[in-house]
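Take a look at the structure set out below.
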Amino acid sequence: MHRTVIHLNEADPAKIQAVLQNTSNLFTALGEEGLQAELVAHGPGITVTTATLAGAFTGPLDDLMSRGLVVCACRNTMTAKGLSSTDLLEGVTIVDSGVAHLVTRQGQGWSYLRP
Amino acid sequence: MHRTVIHLNEADPAKIQAVLQNTSNLFTALGEEGLQAELVAHGPGITVTTATLAGAFTGPLDDLMSRGLVVCACRNTMTAKGLSSTDLLEGVTIVDSGVAHLVTRQGQGWSYLRP
Amino acid sequence: MHRTVIHLNEADPAKIQAVLQNTSNLFTALGEEGLQAELVAHGPGITVTTATLAGAFTGPLDDLMSRGLVVCACRNTMTAKGLSSTDLLEGVTIVDSGVAHLVTRQGQGWSYLRP
């Protein structure tokens, strides 16, 4: 079983599109049964987790979540931006701190990608 | 105990501010007693370690160092930019090569963040 | 023995130049005998692996490959851009998926750098 966290802290749509394509390719290459993956969004990257801002990325995100991707929103960022859990896309998970989650997962043996 | 290196190779003030905020959040989330963290600055990122260039970041850096952060300046970059140890902020540590330090620490089990 | 993958997914010449310089410094710091390193190029970063686009970087890449660097081109990206193996610089290796390769290598104990 491969396990990886994917670090997203940018709001540029071209970057988000590339990260989601990379994630899709990752599931295709390693197989849905062979990969645990979490997309950790914080800072400007939080936009991809919010219902009002994810926009054109909602469909691709839903598809990736159906393949097993866990999408994590950083609570520190949510607080800083005045976002509550009701602002998030359905299925998004909240973590207390995005960067702490990235460190914790690596300590548990997960790989790290920062596309 | 969590251990992580934080990779900084950009000089953009907005990026530096975000990286320092991320690092502060990391100490808050994991606790000063529970985290060993090193900020490894090289290439354009070296500015944050120099007394003349760190500017508005000196206060936040001092605060983070008092919480346990080790700030590492890359000697290769210092040489390329004609910087000597007297140009560095008080408390900054010199490593021979920033990228080699990042690889070595990971080999010792440290996590890696590139915000 | 140190082992690391180096992640390149940008086409900006200044970024490519910095990544190649970082890689050279890494070999110098850790020694050709002490380092296994793979440069994994995908997305816009694929340009560095192609004979027609690598341009001024061909010489530095050849030098790094002679020091032991393995340069990996992502087949997913090649397919998306209509590139075939004959478009690649001599000595470049093809991997099925750049991101999957980065995850797999970390699972084998390799470090990760994203300069």
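By letter and in written order, the chains are A, B and C; residue numbering begins at 1 in each of them.
The rule is simple: a contact is a pair of C-beta atoms (placed from the backbone, for glycine too) under 8 Å apart; a residue touches a chain by one contact, two chains touch by 3 or more.
Keep in mind that this is a model prediction, so the values were computed, not measured.
How many degrees of rotation bring the Cα atoms of chain A onto the matching Cα atoms of chain B, given to the nearest 5?
That rotation is 120 degrees, given to the nearest 5.
Quick check on chain B against chain C: do more than half of the interface residue numbers occur in both copies, making it same, or fewer, making it different?
Counting shared over all numbers used gives less than one half: different.
Counting in whole Å, what is the centre-to-centre distance of chain B and chain C, each centre being its mean C-alpha position?
26
Got the chain A residues that touch at least 2 other chains?
112, 114
Which part of chain A faces chain B closely enough to touch in the complex?
Those residues of chain A that touch chain B are 7, 9, 42-43, 76, 96-97, 99-100, 102-104, 106-107, 112, 114.
So in the complex, which bits of chain C are touching chain B?
Counting only chain C, the residues touching chain B are 2-4, 18, 22-23, 25-26, 28-30, 35, 111-115.
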